[in-house]
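Here is the structure we will look at, set down as structure tokens.
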């Protein structure tokens, strides 16, 4: 690290250094599950990003990404939601910083049941009502809105990799959803 | 109870019976603290109702009221917010039914520090961002919007009766507010 | 109510009056799901009471009961845990009064999915680690300790009446349990 | 990083690399506020470590430390509690992984009000009842047990550096403590 030329973005990591850091440190993440709510606040729909991975397999994904150096949690959430859902999503960030759960992803199987082969990530997970129009960008092909029942169905659960299906269950349990 | 004429609102209580029930049973309540949030979700203002009590003393109050028989928590919250803030307040009820605290009011001093001379109330307390225009109705003279600092000031705290000043502290602590 | 002789237990209700109140007011409840935790705090076992109802059908049940007039939530939780699990259970009440969910039971089907034919109950639900020896008393035949997997199995879920199977799901989701 | 000899502790960072990472990445932390609770679960005492900093100034501190690579949150909490309070503290980790707040420390003043000149830390904060005997180790001179009132007093607050006094307020608000 010490011999390279001055970093043009002091405080941020090059891709290479980030790759190395991911083998050495837990990486702080935020994850957002976008939802539509009815006027009483009941969750009517869950939004999942639909992506294709390197092997052209289709997968569902959450809005998700790293907290950057000197970035607040709210800043990171807002940035990733805008990157993933577009600038018109009108997300309603919760007034409390307390996440509905903390997801621990490990590069190999562990007691948490969550895996991410790239890294050990500690992800603060939030349920975020969005009121506006969502236009998925970045890596996503689409944003699928579905009922809570559908989000818990075997079909959808099987396309949520790395144990993320369980996080949907936790999110819906947190909002008191009943089958 | 058994000798009176048929109840025109089966399932609801007459004023007299409600008065008696209040000497016998804890009464289930909802309380809402309306807030304004900035685009990142930080609380910028707290809304307190300004009322005059029977002795013409001015007091601050929360949006608050009973849960009626067969009414859901969300129904009760929506009804009381509309009654207290008017139909244009555009409240954003939280997706989770978990309150930020449960307030226990007793008719005499107790370990909870909260008192309500009318009753023993168990109140589910929520922070509710409102986006619209508020027009206080019912018993309130006005709705005062103030900064979190002002809500915690000695002046405001001294006009919050029955230990309610402490609930503001709890609400602001829950949203991570720092002095 | 007004013509009877002075109440020997002022502030409490006779059985008859309680029956009437249950047709008129939501009743404030506490519910506890006892758990065993390992040294790291992971939930290893869930405790369910095993009871027989009036038709001699076997059912699972939670530790559950009314909050009495002038009783604190912690007082009610402690009393019902002792009545249901015996005096040696050594429960560890959570330091925060915030429940993991608020269960709304209605006398007829509703959007909450929870029913209780006797009443409309608003139940504050807590997960309570117990360290001691449990000797079920009152109406329970037994206390069954089971793994989280077993508690979520179709067999157990089918013997949890009134939608309570969903509350187990919510409790286990809250502790981050993954299948 | 790439030219050095093989790392004897693969996956962990040398002091030098950790120093560099702290200028580039938010570091994932856990913090625990030890408490004594009475039989009903009310917090009766708060435990603060008493330390001397490099300038021989006395300061209060929380149990606190990094989450290591591949370490779970519960593992990190248990390790740091044992290092700071000794092996006989008998901590009761909460069954839920949800922290009472997430503290964001920045190397310079920010909207969170929390500072740590060494780094940007994202700290998951827990209230941890301890039942056993505490023998502070590592850097601490002592563990001070004090009433909630004392923990909120101006004296103690002034010896909690970097905005940590506010975290005590949040912790006590979370447990429903009333002045």
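Chains: A, B, C and D, in written order; residue numbering restarts at 1 for each.
Here is the rule we go by: a contact is a pair of C-beta atoms (placed from the backbone, for glycine too) under 8 Å apart; a residue touches a chain by one contact, two chains touch by 3 or more.
Computed from a predicted model, the values in this text were never measured in an experiment.
**Q** A-C versus B-C: which interface comes out with more C-beta contact pairs?
**A** Pair with more contacting C-beta pairs, A-C versus B-C: B-C.
**Q** Since chain A and chain B are copies of the same chain sequence, what is the angle of the rotation superposing the Cα atoms of one on the other, rounded to the nearest 5°?
**A** The superposition gives an angle of 180 degrees.
**Q** In whole angstrom, what separates the CA-based centres of chain A and chain C?
**A** Chain centres of chain A and chain C, defined by C-alpha means, are spaced 35 Å apart.
**Q** Nearest whole angstrom, what separates the Cα centre of chain B from the Cα centre of chain C?
**A** Taking the mean C-alpha position of each chain, the two centres sit 27 Å apart.
**Q** Residues of chain C touching 2+ other chains?
**A** If we look for residues of chain C contacting two or more partner chains, we find 42, 72, 97-98, 100-102, 111-112, 174, 176.
**Q** Can you tell me which positions in chain A touch chain D when the two form their complex?
**A** Going by the criterion above, the answer is residues 1, 10-13, 17, 20-21, 23-28, 67-73, 97-102, 104, 106-107, 110-112, 120, 122, 124.
**Q** In the complex formed with chain D, which residues of chain C make contact?
**A** That would be residues 35, 37, 39-43, 72, 74-75, 78, 92-98, 100, 127, 129, 174-176 of chain C.
**Q** In their shared complex, at which residues does chain D touch chain B?
**A** Residue list for chain D touching chain B: 42, 101-102, 111-114, 163, 166, 169-170, 173-174, 176, 178-179.
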